[in-house]
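Each of the two complexes below includes subunit A, the first together with subunit B, the second together with subunit C.
Presenting the complex of A and B:
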């Protein structure tokens, strides 16, 4: 069986280039743990985006399991799919009152 | 007439997230109604200790959608408690010990409905409105409340 030179074959981690580029914005204690307000990462789901964010900001690791997420302003779980330019917001546990 | 008002959906009389000091008088005036004979008001104050440590100062911050979320919470609580008038105000920014961080109130024809609605309002607010609290302790430590 011969291999034909398919598009995308040239770069090894081709799927990295296919993953949407998204913005991850940290709030309150998550911002303190990350040390920055916002990161740009690749991820096709919320889970992938926060995994990429944790690789950049190891301080987030203990904090993220307690957080909830917004995607473009709407509450979403970690399985939610992302499109290019999506904005993921990381919300630590609420502590009003 | 009171029987009629009991069957109506609850109403949101006041709902706000703000930096200015909170006023119990404002909240009580907002929920006041001639048909309501019972008013319950809850004050959440900055206390001088938490989790065994002395608290020195405290900062509340809110997500830009916090006001919208508080409005939703108030509407939902009002729907659950027919015949009530409810109000909720939450302060953000730097607060001193003893300052009111939140005031909720519920007025109803009778006390039982007012107690239930006020309790539901403060509990739901705390669980669902994206507001965060950063505490500084008298031993120099600081923490984001609720964060692992």
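Presenting the complex of A and C:
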């Protein structure tokens, strides 16, 4: 599914620039919290992408602070930039054994 | 060394197999790539399994069956009845016995070729390097973040592969971490999650066969690394969801900024791992490698003595007779409360208690959870707001055990 978080919002200076369209894919508990496997959102950083995802899926809010984010097979900080078509993998940690 | 050291067999070459061993291992010696040499490598291998729990049970049995010559098992806990639905190396009759002893006897009964080393202790920052350094690889079947970071950091510092799997509910993850050859645990999970943000199996539940699936994957990866066959699951993260029966793998690369194995590492000893234990509210002295422990709680040294199940029963009887008055508060989740509850208890999850829930003034409170960790948090929060609070030691599990003992 495609959403444009900017749609219907008052445009600030940031919205004058087209932000990259990225996929956010949820795993394990994050998938359960989101209720879907993947969302397509706009975001020029990991932080923006997960903020847009949380706006779509409020249930993610308590889960995300614990998660690791992988982009192109590399763990990234939330400040990491995203390019158009990037995929952010949302990995909740767990330790059970 | 060859150009791809992660494809070199890790196991030392053991002696020529005896005729009996050739028979015992004939079906795996037949395997392309394994052969007699692979079998000798297995017999010459030393593997440490951390935790004889849900993951350790199948892993130990399969590694024993395969003829891994030396199997170490570290666990400080005793077999508990709540373990038996998934920790299938133990038997009902083993209840109360040390898990290492129960696991060792199962391994010896399966394969007398295997020498079992029982480490009946907790893995701590003080003993981890000494214990792990005697093994070719470590198979991580622990059940809490402090032990996982401790195993990951110790393996990274020693250059030992860390065969890793973890579980929650219907989900499993597995990988092979190996600093210098691929990512380490901290490359993907650089720091533990905030305390209380991720449930343990004791809080969230876990399905037994999912333990078998992930523990078995760990055993496969160990055999591959020891014998040098196949492609190890290095640089790949396996994600399993048993509820939809899906298996996915994601590529994962080493992180140049990794604090353990990156270009400018900041971790040179186990101090950081010890800090994880403190962060998780679980000092190493309490960091059990057992499926029933509940990480994430904070200890409160100023707290009064918890009350016992017998004392609670006496007070419940007195309350029913009108001689006592108190409120029994179950601070677990609604799902846990629905499964089993102490009659007369009121459900207020610990998050609500910590979020400011105010019980009626002037009535003493008794709080309980599953095993005592969350109720200690709730008691501390309520005491800080001026309430008279007693904490049921051992939680509802302890109370159920006491009920069972009375029958």
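Definition applied: the second predicted complex is superposed on the first by the 78 of 97 C-alpha atoms of A that agree within 3 Å, B and C clash if a C-alpha of one lies under 4 Å from a C-alpha of the other, contacts with A are read in each partner's own complex, and residues count from 1 in each chain.
In this section, a contact is a pair of C-beta atoms (placed from the backbone, for glycine too) under 8 Å apart; a residue touches a chain by one contact, two chains touch by 3 or more.
A quick note: this is a predicted structure, and the numbers were derived from the prediction, not measured.
Taken together in the superposed arrangement on subunit A, subunit B and subunit C clash. Once chain A of one complex is fitted onto chain A of the other, the partner contacts of A:66 extend to both subunit B and subunit C.
In the superposition on chain A, contact of A:91 is made with both subunit B and subunit C. With both structures placed on the common chain, the touch criterion links A:29 to subunit B and to subunit C. When the two structures are aligned on the shared chain, A:74 is found in touch with subunit C, with no touch to subunit B.
Residues 27-29, 62, 65-66, 73, 89, 91-97 of subunit A lie in contact with subunit B in one complex and with subunit C in the other. Taken in their complex, subunit A has these residues touching subunit C: 27-29, 31, 62, 65-66, 68, 70, 73-75, 89, 91-97. Put simply, subunit B touches subunit A in their complex at residues 44, 60-63, 65, 90, 101-102, 122, 125-134, 144-148. Considering their complex, residues 27-30, 32-33, 62-63, 65-66, 73, 89, 91-97 of subunit A touch subunit B. On subunit C, the positions that touch subunit A within their shared complex are 51, 53-56, 140-145, 148, 165-169, 171, 173, 187-190, 192-194, 197-198, 200-201, 204, 206, 211, 235, 237, 239, 241, 248, 250-253, 255, 289, 291, 295.
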